[in-house]
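Please go over the structures that come below.
Shared between the two complexes below is chain A, which has chain B as its partner in the first and chain C in the second.
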Partner chain A sequence: MGIPVRITFEQRGDAPRRLSLLVPMGSVVAALVFGAVFLLATGYSPLDTYSNMLSGSFATSRGVTDTLALATVLICTGVAAAFAFQMNVYNIGGEGQLYLGLIGAAWAGISLGEHLPSLVMVPLVLAVGALSGAAWIFVPAWVRSRLGTSEIVSTLLLTYVGASLVEYVIYTPGSYFRNPNTPFPQGRLVAASAKLDPFGDSRLYPTIIVSVVVAVALAWVVRRTEYGYRIKVIADSPKAAQYAGISARRTTMSVMLVSGALAGLGGALLVVGPYGKIEPSIVNLGYGYAGIVIAALARNNLAAIVVSAVLFSGLRVGGEKLQITTDTPIHIGVMLQGAILLFALGGEAFRRYRIRIVRTGVAT
Partner chain B sequence: MTDASHEVARGPHHSGGVAPSALSAHRIVKRFPGVLANDEVDFDVRAGEVHTLLGENGAGKSTLAAILCGLYQPDSGHLVRNGVALHLPTPRAGLQHGIAMVHQHFRLVERFTVSENVVLGSRDLDFRLKRGQIDERVAAVAESYGLPIDPTATVGDLSVGQRQRVEIVKALYQGAEILLLDEPTAVLVPDEVEKLFENVHAMTRAGKSIVFISHKLGEVVAISDRVTVLRNGRVTGHVSGKGAADARELARLMVGRDIEMRPQRATHPIGHEVLQIRNLSLALGGVGVLSDVSFNIHEGEMVGIAGVAGNGQRELADTIAGLVTPTGGSIAIAGTMCTGRGPIHSRELGLAYVPEDRLGTGLVPSMSILDNLLLTRERSVLVDRTSLRPEAARLIDQFEIKANGPDHPARKLSGGNAQKVLLARELSGGRTTTKLLVVCSPTRGLDVGAIETVRRLLNDARSAGQAILLVSEDLDEVMSLADRILVLYRGRIVHETPGETASLAAVGAAMAGVLQGVA
Partner chain C sequence: MRKAHKRVLALAAVAAMGLAACGGDSASTEDTTAPEETAVEETGADYGNLKVAVVYIGVPDDKGWTYQHEQGILQLESELGIEVKRVENVPEGDEAEATMEALAAEGYNLMFATSFGYGTPMARVAAKHPEGCFQWATGAKFLLTSEMGGEFATFDDIPANLGTYFGAAEEARYLSGIAAGKASASGKIGYVAAFPIPEVIRGINAFTLGAQSVNPDATVQVSWTKTWFDPTVEKEAAESLLDAGVDVLAQHQDTTAAGLAADARGAKWVGYNSDVSEAAPNAWLTAPTWNWGPFYVQTAKAVAGGTCPNEEYYGSMADGMVTLGSFGSSVDADTQALIAEKQAAIIDGSFAPFDGPVSDQDGKEVVAAGSRPELLDLLGMSYFVKGVIGSPQG
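What follows is the complex of A and B.
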């Protein structure tokens, strides 16, 4: 007995280029369809819900600026994740490095203070934030490159330590980072020179330029420089790297430090932009973890991170607004994010395999 | 399933009249993405004969074998077993019809004993294993074909030749009447090849059919009753009668043109010493891999290292190339010590290294030919691909590499072309002109045409005055190319002989660890 038809997966010799674009887009569509099933089942109109989400995120100028504002930090954490992932180093702790970037940038913004002009102060704050992120990954990077200790575990666990640190510096009475003038625990504001102004009356800051430039510059580094060449050799075949005398140890170390610095930069951009202080709610926002999803969606292509981060932000912003403007629960937006990731990763199969239905003729 | 009770000698062993086919394949077509692996192939094997499938890599012989044993299904065409049409959806179905494959890469559990491996996958075992009974049965099967093997030995402790015997016993135990032996001699030393051939004769005398898959002409001539030659998925020739096949004729059928098979030696007088190795020893993880290895190589000389895989050859090459720091002893290239100073330093002294593992060590698979040329060269902070492009194009041309230009990714090259890229890079010199070339298994897995090219390139490099260390498990290759042969056995040089006067017997014995004339 049985069906005289068999579904076979045939490996493609080489994935056609158009599929690299079609498959992610198809994944998004499939996820939306998947979400629609749940919306229908719970009594919401999928079309209304999606059009509300769209107007909240991409279809209005307010939506667009809000989306880009969120994308500013997500590009950083996305690039941080993808830069490490492309060398098969899994920095899962971008979240924690982001916290440290926030703390470091706030420290620089408060203490290096008043006398420096904005033109010096802002880059300085960003640099300190990035260095703080790098410092947070230093130990995982060192033990990974020397001893081969799993960076997945070490970076992830440090994230919890980082979250506690954020809470510690804000909730401890008398803390340097705490605003002494409010009874309610709040972050202390950085010097005015360390803070940028948003575009017009939007919530979008010029920091978006920094994010995009960093992503594009890093993509260029990987493509054109000797450093990028080394990364690609190690990523593809560590044995070939050894054969050519390329030190995997040193390169792994530096890639992890850069990855941590990028996540830290994301935190610093929040300080220079919308926050102006340490905002303890950061530990509930998951911007660092979102970077992992964004990297996966962009298949670790650094320039494509910009696109996937904007898409992801749009979903999130749209989902949040949905809750405000209608009675649709925010979880619909969260579920759609999860669905998109799942479909994007599953879609890889279509890129790598050709799926054929074969008539076997003989029932077995 | 039959077990120990085998009928013996019922096959009319090529005695006059033609025996009917035990298994035949008719007009088999099998297509893979981009390749027509089998194109209307006809093949048959009779009881009691050895029918060889001869062909280069990629000629389609492994595909045909996989179809014969049920691993693949043909796109069209059909199989006939003893006159009855046969459909084999799985290898297990093949086994039920008495067809078994002995794979080139053994599929044994090293921690299990011989009998445990033999009965693995049998469906008629009792819940409680009766070890004594099983051991006896396995021993009986083994003995009836002259395959002496201890059923209680742990497979991990056995030599490669013995493991192969376990695979064969397993097939016989499962009731195989037709055995497909996929490149069975690839891993064996000459002595073991002899033994294997005796076993094959014992099996054919008992009426078994053997499908022998090989690309080594010498042994094909020696063992086959019939030979079917495949090229590019098609049958290009058919030779019957024991010993009727002529190696040169088979080579022509296999490749499609005449092949030069003469040994080549150094023609120029040998010059200064380029490589000096003194008392080299190496231990990895506390296990001795090389001990007290000393030898020199001169300009224009090719020294061959012969040995069975795993006797320290690869480690010796890696150590000379600076990838591994030796535990003791010294290495000097062109008079400069380079022990433990890393591959870049050695390359600056004139080393070039073609490792055994082409794609993955010698070449980065995902990278283009151009980027792969950069791998062992000096690179500036901004990688300058533009100025290398013309040279890449020139090398592709000069080394006759089949590729769509310098941007062709390495992983999409055939084995032969990948090797040519590797040789092109290493011979063209990067940091300095090449003085010492270390090559490991340079022709392994290549087709005859590519083997010819690679050997010619090595010979040209020798004529140009480069010192060459040839490490190869292909004894014929070492014998026909090297000016001097060193045999490595358990990390020691146990035999040294000039290539011209080397005797296969002496080198083979040294490889097997039977000490003769220690250098």
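What follows is the complex of A and C.
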């Protein structure tokens, strides 16, 4: 006995434009409905929960600045992931490149001293952080572009090495990155000129401008330059690219290096912003991994990363604050975040495929 | 979130009988997850101006560090008849500041933060909210000065509404070491430890000295997990120590994972934080435990009375903040008597765990015979004593 219908997924040639807006919005609504059922079943008011989440993240000035503060680094890691993904290169080690960016930026901030003005120092620290992130992906990029070795494995494994490195430079007595005056493992502060002040009494730093400008500039590069065109050709058809005389090897290498640099920049932004030193707790926060989800949410569209990073940050910030403004346990907040992300990603199937129910005719 | 209203009432009854320093036993069995109406008892208008919040690094059900703080918070709730806001699973670092800021904005005027990594965020929020009172567990204020890598120019710039609280766990560590030393036939003991910071190093050393006081050749092998709370990692570290041949495990972790691993291999276990012998009754020897309740109660009362205690409170076995848990069935009467005798000596001050002579790993004398180190030296301890296997640098 079989069911006389079959569900088929037919790939759409070109996803209709209206769907690229409709589907994500529909996904969020579906997720909220799903969450509401769950909330009702566990005895919480969905309306209260959602309005509190909203006021904690987007509907109050404190919520907005907290959300943007988190988005500052997540835009970087999101762009880092998306920039590589759009060429079918899967750098999932943004987390590790972020650590190295943090270490590199801290080094520059400490060692380049007090003599340089902020205007020189801050860009310099950011540049060194970005370079450090690029350096961390150099070997995976090289073996990928030369030998075709899976970058998924190599970039991921290097993340663990990076985490150990962060711990090493903080927990080793006498380490350059550690404050020498105390037996407690505290990072050494960077020079005052390498540190920015937040806006007013918020936790938001001017570094948000850097993140947004980088994302928009890179989106422009991809859309409007020859380099961006090369990336697209390689992504669509490596063979055609080869025929057209485009060096896939060189482009892969450069795309991965830029991707690593962007994640490294994320770490550097933390140094000139809220940290001012290496905070070993960075290895528990998962900013780099979050970048992968953010890239997926934005469907690797670099400009859309800004929006998806802000949305993701709002969910995280609002979810955390749920505990404060309501009696909702933290697990509910985390569950809602997961549901919204899952639905948003799942909705992608509807955009890319036409779903048909086909009669198979004979029921036996 | 309120765990169980009944539990609060039970504790209130205990408190009413004058047993202020109650432990966690009476409350450890229930686990009600359904939310309930929270009817706050109006026991007095005195505390109407008090809004208390606690920021937890983990969850109150961890049967360890956070669980033990939860017992103290429950005692505070029942004695003062107020409700405390818990915020759970807050990661250390920058994002914790958003959480604490939001609490302060909601009008919470007494905040407890139960982890070392909350120091900078809490100090920042304290500076912005002089009307509130902020208490940082396991902290030390001098670490907030720029000289130490913090962000306040001098000690005097640290907000005056910030206090710290902690205690001499090393006293109970030493006593639990005696139980471990007696229990170890091979003289090889393992220690699952979180981070190579002075607090943990001090505990390992005190434990080792206690074990060696009854088992002079005992060694303590350390395995670092670089996490406070991760049952999987803690279990793996415990198993690698058991594979290396240790027959007793101790821990500086928040869960009972090491105890379960020891139990599975027939080894013995010294826990930490909570008296949770039921987790692994056969392996259980004892555990250094905390009793935070009296501190929470006295601090809340002071704040309600208009003062924010901003000293660096360092409790001990003498004042009851540090305690030793119950003994497992394998700890014989002689050992218990010996531990009781040492405990009495610690409480009356005639003995302290680091009384000289003490040598470091290389055999170099670090505390001379007949002398007792200053508290500040203990707080900054960064060496391992002789007999510890492993590196104090992680």
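Brief remarks on what is shown
Here is the rule we go by: the second predicted complex is superposed on the first by the 332 of 364 C-alpha atoms of A that agree within 3 Å, B and C clash if a C-alpha of one lies under 4 Å from a C-alpha of the other, contacts with A are read in each partner's own complex, and residues count from 1 in each chain.
Rule of thumb we're sticking to: a residue touches a chain if its C-beta (ideal position, glycine included) is under 8 Å from a C-beta of that chain, and two chains touch if they have at least 3 such contacts.
Keep in mind it's a predicted model, so treat the numbers as computed, not measured.
By the touch criterion defined above, A:354 lies against chain B but remains apart from chain C after alignment on the C-alpha atoms of chain A. Contact with neither chain B nor chain C is seen for A:289 once the two complexes are overlaid on the shared chain.
Counting residues of chain A touched by each partner, chain B versus chain C, the larger count belongs to C. In the superposed model, A:205 lies in contact with neither chain B nor chain C. After overlaying the two complexes on the shared chain, residue contacts for A:171 are found with chain C alone; chain B is out of touch. Of the two partner chains, neither chain B nor chain C is touched by A:58. Of the two partner chains, chain B is the only one that A:239 touches; chain C does not reach it. By the touch criterion defined above, A:186 lies against chain C but remains apart from chain B after alignment on the C-alpha atoms of chain A. According to the touch criterion, chain A has no shared surface contacted by chain B in one complex and chain C in the other.
Here chain A touches chain B in the complex through residues 10-14, 224-229, 232-233, 236-237, 239-240, 242-245, 354, 362, 364, going by the rule given at the top. Those residues of chain B lying in contact with chain A across their complex are 33-34, 87, 89, 321-323, 342-344, 347, 353, 355, 357, 360-367, 371, 374-376, 379-383, 412.
The touching residues of chain A, when paired with chain C in their complex, are 42-44, 56, 62, 66, 69-70, 167-168, 171-173, 178-179, 181-189, 201, 203, 270, 274-277, 279, 281-282, 284-285, 317, 320-321, 323-325, 327-330. Those residues of chain C that touch chain A in the shared complex are 1-2, 34-35, 38, 53, 59, 85-95, 97-99, 101-103, 105-106, 117, 128, 140, 142-143, 146-151, 195-198, 226, 380-382, 393-394.
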